[in-house]
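As written, the chains take the letters A, B, C and D, and residue 1 is the first residue of each chain.
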Amino acid sequence: MTTADLLLVALGAVAVGAGVLVVSTRHIVRAGLWLVVNLLAVAGCYLVLAAELVAWVQVLLYVGAVVVLLLFAVMLTRAPIGASDDLDRPRWPGALIGGGAGLGLAALFVSGYRWSRVDLPSPGTATALGEQIFTAWVLPFEVVGVLLLAALIGAIVVSRPDIGSR
Amino acid sequence: MHPVIPYVIAAALVGLGAYGVLVRRNAILLLMAVELILGGVNLVLVTADATVRAVLPAGGQVFALFVIVLAAAEIGVALALVLQLYRLRRAVAVDEIPLEREP
Amino acid sequence: MPVWVELVLRVLAVVAAFLTLPLLIGQTEHKVMAHMQGRLGPMYAGAFHGWAQLIADGVKFVQKEDVTPREADRPVFRLAPVVALLPYLVVLLVIPLGPSGLVAQPLDIGLFFVLSVVGVGVVSVLMAAWASANKYALLGGLRAAAQLLGYELPFVLAAASVAMAAGTLSLPGIVEAWRPWWLLWQFPAMVIFFVAGLAEIRRPPFDMPIADSELVFGYMTEYTGLRFAFFVLAEYVGILVIGALTTVLFLGGWKGPFGLDAELGWLWTLIKVAAVSFVIIWFRVAYPRLREDQLQRLCWLVLVPLALAQLVLTVAVKVAL
Amino acid sequence: MTALLASLPLIPFGAALVGLLLRGRRLPAALAVVSAAATLVVALSLLSLERLERTAVVADFVDIEVTAGVRATTATVWVAVTVAVVALAVQLYSVAYLHDDERYAPYAAQVSLFTAAMLLVVVSADLVQLLVGWEVMGICSYLLIGHDRRLPEAPRAAVKAFLVTRVGDVGFLLGIALLGVRVGSFRIDTVLAADLPAGTRLTVCLLLLAGVAGKSAQFPLHTWLPDAMAGPTPISALIHAATMVAAGVYVVAVLYPLFAATPVALTVLGIMAVVTMLLGALAATAQADMKRVLAWSTVSQLGYMTGALAVGVPSAALFHLLTHAAFKALLFLAAGAVIHAIGSNLIADAGGLRRSMPVTFVVTTIGLAALVGVPPFAGFWSKEAVLAAALHEGSGIAWVVYGVGVVTVAVTGWYATRLWLGLFFGPPRASSPHEPPALMRGPVVVLAVPAALLGFVALAPDFSARLGALSTTGPSPELGHLDAAVLVPLLASAFGVALAWLMWRRDPAADPAARLPGRGSFASAFYLDAVQDALVTRPVLAVSAAVLRADESGVGGAVRGIGRGSRGAGGRLALLHRAPMPRAATAALAGALVLGVGAVVLRAVL
């Protein structure tokens, strides 16, 4: 076990624990807050894995925007403060499938990698990533931009009935 | 670094997300579970980037960035839909959406 | 000097700055506002011109009863002030004070780090607003969330402009690359960044979320005592952070007029931060609060297009050079 | 040279495009006449051309290439000059003839387009390009024959012309396609140089002959031509003299090496020719309508041309094509003048016009003399060339062509005399007929010159060789050569003329045709229209009705039934699918899980 391993295990424990709480808590808003914890922990994993830019993008976009939007929506839909009892439907199919998927994937990864070891790459600078995005990946990048624009327009049209019906 | 650790974490996150998607009735909670799945996927991508030496350097990270951006777009549209649903029905429980009638 | 000692020293320095500078700003605000309004302000605490007023305030806050509403979501309610304070503290880590590594933690993508961490502050507002179980608090929180989400865009875009100009995301790198004529070139970006920064820390004239004449005190309505003090402290740290960021990004950081940057760089930085902070305080006195719709209009119809235009200008000049 | 040649079809084509946009009379008339004159000038300037072939590859599909280009010999230019002259005459004539027609502008544009299409056929170096001109002519003939919508028979005749030629065109298209696919190119020179297996060549030739029969009004596809008289008279002149009907003969002449190597096809062509020749002439004897007489005579004369092709002398066919264009255009335009004067198409309504219309009388006499083959008028030389060629060839089919040709000469003499006498002699019947306006008179008079004198060019030393160079590289027989055999057709025509005159002498007021045995079958052209109606039209209509019924109840029913069935099935499936979101999501994710597990297990097992 190296330092990186220890850090990963710790962050992973936080991430998984927060994830469990996200899907099991009976407080709607707390689910969102646990999601923040989960995302920060995953961002920490990225940092350990030498993906700084991805980590900070995750913090900026997920924590700063996505979760805020989610909480915003929770509040706009008048979620109650305190526990709600009707958040879940019967759990066993979900548990079966979710557990199956998680365990299956884990088994695949374990059987694939065993206890092999790799050396971590040197912390990736944003420069290298930027070069990649604007050379090899520039076309997908543009497409993603168009997609974002489409999503923006779509969200506006959907949420404003006065535009759509005309 | 043993790559199996982040991979197993990612698998666990995906499993949790799948569980959440299937179990949660509230649309917003369901979206949160979807974010868990995406987080797991991203973790796989980033780990693979650190583990596998690909032809294009940093391909996994680039993919992860794309996934994050797509998730942002997805959440924008999805929340617009959820709010519209709430405006129409005063509820955001997905299993109360009637689908029996022809659209 | 072993690495860890240096690390501890750096962190201690940041903590010291974090504990003193906001108090200094708070005291300045009291006195500056008072004088601008034609009065004296606090005069008694600490004998000389009331210099210890904020310490007295702190003591008062500590003594107050820690009230939590019965309907509130307790853990969230209690955690919110801490979450509000934490991002600013973390941001201070990467602000360069002077040249040659006079910074707590030099980061390759410092600017990105700052932007993303500042964005986390919204969560605290939402936590406070929702956990309070108070409709004024909720309304304030929603306003704050809308405001912060909206102004994040021009904020980031303006910062992106200067990062593009410098060709780096590292804060010391930006200061290195800075030239005095950038004051002209990046002037619109500076204005945008400053205004959006004001909105980010919810300072007047962008303090709709806590508009006391409409919403009592917005998302802070239910807070008392030390937790309230944390929020107030967060506001002052916010002033510090915005001032420091404006300084580093747009005003040349440690660069000064007499060619003594290596020796006096830290002083130039502090002077510039103080000047920007003074302007922020001045704004509070000078301008009335915007209405909610005016606020959003300003963001989406003025700042965002301007920021995009500035980006185009930056690219054009950059390519031309 | 290439540009000039290419401009031959392009000038009238441009005029047609512009003309279709115009309204009124003056501008379209000026445009039409000027473009026709320009075409003529260009054609005349090309007369010195020996031989030219210039193509460019338009599309190359590896196995097959499509080219565009021009190909010309002296003969081509002569044909083009003929087309241009007739077109100019027709355009000038039309200005006066259609002076109160409000649809003159599109008419003139269509005539230009018609000319352009014919010239395209003439100068094409590529079969596909040729086909384009060929088909454009078809649509133009449809439009122009149907020009006068008020006439009851005009739309019908237009449709008939279109459909009957279309039947032939299907064969033509298939022939060209087969040829192009087999050779790998549509370029005419390449096609002619290709070495094809005999079976393919026969198939191609027969298919092409179908198209030629359609366009050139050969038996059994000749029925549209007399009906096409419903169009305005200048159009009749255009179709009969220089364009449509000449196209078939011209194409065979161009592709002659192909036919020359296929005796069976030539025999078929010969049979077609003799039947057409005699049938047309006999039908012409009994027509009451003067334009129909001329129309049937065209059918008959076309028989001569194809006969000449069948006996292996394309130069004679082209020669007859040229002279026939001259005198037949003249005759139609003159007939138009007569119709213009008396206001009727019927011979019975004319009579004694000799005095009131002297110019028309003289030119018509020249034209009829040329038709009959009176020396030294143009028709004499060309017809003589055809008959001499048949005589010299000496094979079985050539003898038949010769024999029938001589008989037809006699019949031609008879009906030409009958027409001449009926129109210009006997008691006058119309009230105050008068000469047509100068604009109509001029073209007629001008056309009389070639009708009278064109035959003498056969005496030019290298005329035959240059005419023959269009299709064959070998020596062509001398066309202007006369020997004792010339007496046979001369005697035959004299016999026909004399017989008609004698029959007329007995009663100048009556129609000699009334005393003709078998007059009814002649007048109706041996009831071929009725036969066609019974054998083709009615069965086709019956079959199509049956097909329609089968389609509606059988195919349509099946389609509707399938549609209804799948809608029902889809509705039931949709009911299954319309699960609430959670159930659907559970099902989908469970499916994915099962697939994943299955894949892993399968890989482990295999």
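The rule is simple: a residue touches a chain if its C-beta (ideal position, glycine included) is under 8 Å from a C-beta of that chain, and two chains touch if they have at least 3 such contacts.
Bear in mind that the values here come from a model prediction, so they are computed numbers and not experimental data.
Chain centre most remote from that of chain B: D (centre = mean of CA atoms). The two chains most heavily joined by C-beta contacts are A-B.
With centres computed from CA atoms alone, B is the chain lying nearest the middle of all the protein shown. Mean C-alpha positions place chain A and chain C at a centre distance of 28 Å. Averaged C-alpha coordinates put the centre of chain B at 75 Å from the centre of chain D. Rounded to a whole number, the gap between the C-alpha centres of chain A and chain D is 79 angstrom.
Mean C-alpha positions place chain B and chain C at a centre distance of 33 Å.
Residue numbers of chain A whose C-beta contacts span two or more other chains: 53, 57, 65, 69, 72, 74, 76, 89, 93-94, 97, 100-101, 104, 108.
The multi-chain contact residues of chain D, meaning those touching 2 or more other chains, are 582, 586, 589.
Counting partner chains per residue, chain C shows two or more touched chains at no residue at all. Chains that are in contact with each other form these pairs: A-B, A-C, A-D, B-D.
Here chain D touches chain B in the complex through residues 578-582, 585-586, 589, going by the rule given at the top.
Taken together, the chain D residues at the contact with chain A in this complex read 582, 586, 589-590, 592-593, 596-597, 600.
If you check the complex, the residues on chain B that touch chain D are 18, 21-22, 25, 94-95, 97, 99-100.
The touching residues of chain B, when paired with chain A in their complex, are 1-26, 28-29, 31-33, 35-36, 39, 42-43, 46-47, 49-51, 56-59, 61-62, 64-66, 68-77, 79-84, 86-87, 92-93, 95. Note for the complex: chain A touches chain B at residues 1-2, 4-5, 8-9, 12, 15-16, 19-20, 22-23, 28, 31-32, 35, 38-39, 42, 45-46, 49-51, 53-54, 57-58, 61-62, 65-66, 69-70, 72-74, 76-77, 79, 86-89, 91, 93-95, 97-106, 108-110, 113-121, 124, 128-129, 132-133, 136-137, 140-141, 144, 147-148, 150-152, 154-156, 158-159, 161.
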